[in-house]
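Should a chain be cited, it is by its letter among A, B, C and D, assigned in written order, with residues numbered from 1 in that chain.
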Amino acid sequence: MSNFLFGRYLPGNSWIHQMSPQSKLMLSFYFVIIIFFANNIWTYGTLSVLILFVVLMSGVSIGYFLKGIRPLIWLIIFTVLLQILFSSGGHVYWHFGPFSVSDTSLINGGYIFVRFLLIIMISTVLTLTTTSLAIADGVQTVLKPLKKVHFPVDTLALMLSIALRFVPTLMDEMETILNAQRSRGVDFGSGSLRHRIQAAVPLLVPLFTGAINHAENLSTAMEARGFTDSEHRSKYRVYRWQKKDTISWIIFLFVGILILFIRNN
Amino acid sequence: MDQEISFNQVTHTYQADTPFAQNALDKVSLKIAPNSFTAIIGHTGSGKSTLVQHINALLKSTFGEIEVYGRQITPSTTNKNLKQLRKHVGMVFQFPEKQLFEESVIKDIMFGPKNYGASDADAEKSAVKAMKLVGLDASLRDQSPFDLSGGQMRRVAIAGVLAMNPEILILDEPTAGLDPHGHKEIMDLAQGLHDHRNMTIILVTHQMDDVVDYASDVIVMDRGQVVKHGTPSQIFADPKWVYKMHLDLPSSGEFATRLIRAGVPLEKTPLTIENLADEIVHLIQGGNHTDE
Amino acid sequence: MPVKKKTLRLNMLAMFIAIILLQTSIPLIGYIPIGPLEITIIPMTVVVATILLGTVDGAIIGGVWGFTTFVRAFVWPTSPLAAIVFVNPLISVIPRIMIGVVAGLTYTYFKKHLKSQTVGISISAVLGSLTNTILVLGLIYVFYKAKAPQLYQINIKELLPYLLGVVGTNGIPEAIFSGIVTPLIAIPVKKIFDRTAR
Amino acid sequence: MKDIIQIKNISFNYPDQPILFNNLSMNVHEGEWTAIIGQNGSGKSTLARLIDGLIVLKSGQIVVDDLVVNDDNIFDIRNKIGMVFQNPEDQFVGATVEDDVAFGLENRQVPREQMHEIVEKSLKQVGMWEFRDRIPANLSGGQKQRVAIAGIVALSPKIIILDEATSMLDPRGRQDILDLVYKIKQDNHLTVISITHDIDEAAGADRVIVVNKGSIVEEDKPDNIFGDISKLKSIGLSAPFTSQLIMALKKRGIDSPYQYLNDKRLIAWIKKLVSTK
């Protein structure tokens, strides 16, 4: 539950697990950007090899990844189909109204499919090897330069960490409220659209009022513990830059340059 | 029709078909007699809440059947039928004041009856009755429930359940966080509903004093199973066993074990202060006899 | 700002972020699927936050929802629309921020000029919700016109009617329901909030 | 004995609400365990918040360890006082147990290396070191209260205030927490104020202050206070178990020279009765 936002953290001690969250975050982002530059079989091939290597280094079994992607498969197929049916150019094999299938659209469809997989794989590696808390800390580190322009980076980080800490609490409360209103005869998830939307009222009002009470009590407790503001505090948890981060960056930068050379210009 | 609650080999598995699968209830069979006042006790995580949530079908069993006043619930019962059942089983959750949401006290109490198809006029009639029952002043009816004190809010929530005229009332730690005065009022209300309105009361609690003061039957849960079912005196007869279940004795029993440890030869575990006083007096006077 | 107020604001924002995170993952309180469409009730949360905490904080909460939409479009897209459109951070974030801004300005205006709190909240909610729909549509169109690079190189020109259709058919009922339901949520919640923030 | 907390003629009310304290005065002795009892709404929690400067006083003065509670001293005062609140959920700030204990240290900008040392020591003192990686959702209410106490121990205060800290726990968890606080009080020579409506919790105190409707009804040793059952009942409190037992024995003709005894003395007395007769 601590890893609510992005998925399911798998505890481990692999190379990837040990990297600092800030470089994992940045590298994932960087990877998505290089994908923009891939446009032929060689570039996609290179990136696929890189991602397989990353998966290997994460110590998580390929089967686990495939299981994770399974629920998304219809979505991917649907999007790929859209791509195939709606792109134009090349040798047309078949067409009907606005739809057409050509050699280019088939190839592009294939590329899109790979793109999807690449992106989902990299984000899955990130979330399987990093706790939400570490991701929040990583965000804080990445945003640190913004402090110079008086952007409240530390406040944001504290806010995010409190939010993540309270998600399971609110979730439990939601479930109790849900059950309480069910026992009072509310039918959730059935009936007319209007009925279904109005059923949100007996859920959301208690959820919100509960959250407001938490906010108030927590404020009192925080002040009693000497909290004044979030920008003047020392930090208990620190993720240091490691050799593994440096090596990973070198590999990724190299692949990035390689892609620029082997892509079709 | 059979006026009782019965569980027949009921198993409930959370997260079935995953590596996290966990039996929260493990082949539970039990009967709760109509118009009984039954306490359900057991340490945290023993399955008490899961058990009571089956009685009003908030949870459905993975295996096994449940019969509540002649209505059957099986793993395949459809949701439509469940709603009808819930009308007869009122459930007061822990900190029920957290479920309030309407703009006025009366509207919040009317919410349940209206969901079950009562007309506005009928719902209001039941709501007014329920307010009286829980001791809420009629002048509060149009106030926002959020303007009331904590204790009053809790009564509004309980009234909201009673307004549905349930035959069975489940109370999950209904006095949590209340002071002694508020505690007694809520427990006396439960007793009144049992004695004068023939409701079946099912009380989930950690307070062993309430168990001996109010309940006629006790069900002890441990690791998803019913490990004992009997009268309070049967349940607390063996202090060692009670401690093994990570439970406490009622205060008098607790005090008696300390007296015994200090060398006062009490014979059996008393449940109430009156019992304890009787036993002590008996010992003192018994002593008189031998001295004479 | 006194310490007490600052801490309270920090925690209020944190709670609303937590609620948004919950709503993006639990259908019952976040979005209601109807056939191929889904009506999201998250704009209502943004509007409620705006009414309680003010325009700036409403915009922040909207932004958090937008950011979550953006991240999810990569990690766990919930619809082809998300996978195609919301991977563009400008389309996923800006419209959400604007919900708070528009609802906040509308609410402040009507608070001065209108007696009925309900009507004011209702109009703010409708406008907030519509802002989201119109901006998402508008931005899709702008990015198509500008021929911006697409993550999934789909022929948006052919797809545009489909996108407009989906967003439009979602957007209209969404706005209507926002208008009806938001006051029912905001008024009691505001009562508790005002007592707390006193 | 020094009065570590002096409350002098304070008055207070919440905005738009009737007056809660009118010219109230009381003192807390250093090194003692003082219980403040009263029913819900009697103003006892407000009193705790006033002492810690979490709410601002209308008139009168509160002095904590020679410092007047005011805006200038507030942080020094909060360094001296650790508070455990009623709801275990609502005082857990950190994402995990260790992060939570560190929260107060981070606020005081304690250097990191030192923090790690203190967090470990504090968690070991409350027996929660093995749970340091846990998130609050996976802890019981009692365990969360232990973490809260560790967070306080980490700051080595002079005073601990328990604000209904055990009222949401089951009886066993309640006793555990009280035993723990007692041990910590002894080990570190602390002053403890426990605000409670649990009469049996108050019975263990050195001194009891009974508050009703914002004023002090009585202030004395538990022995002297708990004798008058009808008085306690009249302000919505129940009588301690031992007083009830003495009453029940009296009804049966066993006369007692006492109205109230603590557990140990009552056991000794009963033992004597049984063996001499």
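In the analysis below, a residue touches a chain if its C-beta (ideal position, glycine included) is under 8 Å from a C-beta of that chain, and two chains touch if they have at least 3 such contacts.
Composition by chain, UniProt nomenclature: A = ABC transporter; B = Energy-coupling factor transporter ATP-binding protein EcfA2; C = Integral membrane protein; D = Energy-coupling factor transporter ATP-binding protein EcfA1.
Since this is a predicted model, take the numbers as computed values, not measurements.
J.: Chains in contact with chain A and with chain B: which ones?
T.: Neighbours common to chain A and chain B are C, D.
J.: Report which interface contains more C-beta contacts, comparing B-D against A-C.
T.: If we tally the contacting C-beta pairs, A-C comes out ahead.
J.: With centres defined as the mean C-alpha position, give me the chain B-chain D separation in Å.
T.: Using C-alpha averages as centres, the distance is 30 Å.
J.: Any idea how many Å lie between the Cα centroids of chain A and chain C?
T.: Roughly 20 Å separates the two chain centres.
J.: What is the distance, in whole Å, between the centres of chain A and chain D, each centre taken as the mean of its C-alpha atoms?
T.: Going by mean C-alpha positions, chain A sits 45 Å from chain D.
J.: For chain B, what residues touch not just one other chain but two or more?
T.: Within chain B, residues 101, 146 contact more than one other chain.
J.: Do you know which chain C residues sit against two or more other chains?
T.: In chain C, the residues touching two or more other chains are 188, 192.
J.: What does chain D use to touch chain B in their complex?
T.: Going by the criterion above, the answer is residues 39-41, 86, 140, 167-168, 170-172, 197, 199, 236-238, 241, 244-245, 248-249, 251-254, 263, 267-268, 270-271, 273-275, 277.
J.: Touching residues of chain C toward chain A in the complex: what are they?
T.: On the chain C side, the touching residues are 3-4, 6-8, 10-19, 21-22, 25-26, 28-29, 32, 34, 39, 41, 44-45, 48, 68, 71, 74-77, 79-80, 83-84, 149, 151-155, 158-159, 173, 177, 180-181, 184-185, 188-189, 192-193, 196.
J.: Chain D touches which residues of chain B in the complex?
T.: Checking each residue of chain B against chain D gives 44, 149-151, 176-182, 206-208, 246, 248, 251-252, 255, 258-259, 262-265, 273-274, 276-278, 280-281, 283-285, 287-288, 291.
J.: Quick check on the complex: what are the chain C residues that touch chain B?
T.: Of all residues in chain C, those touching chain B are 187-188, 191-192, 195.
J.: Could you list, by residue number, the parts of chain B that touch chain C in their complex?
T.: It comes out as residues 101-103, 144, 146-147.
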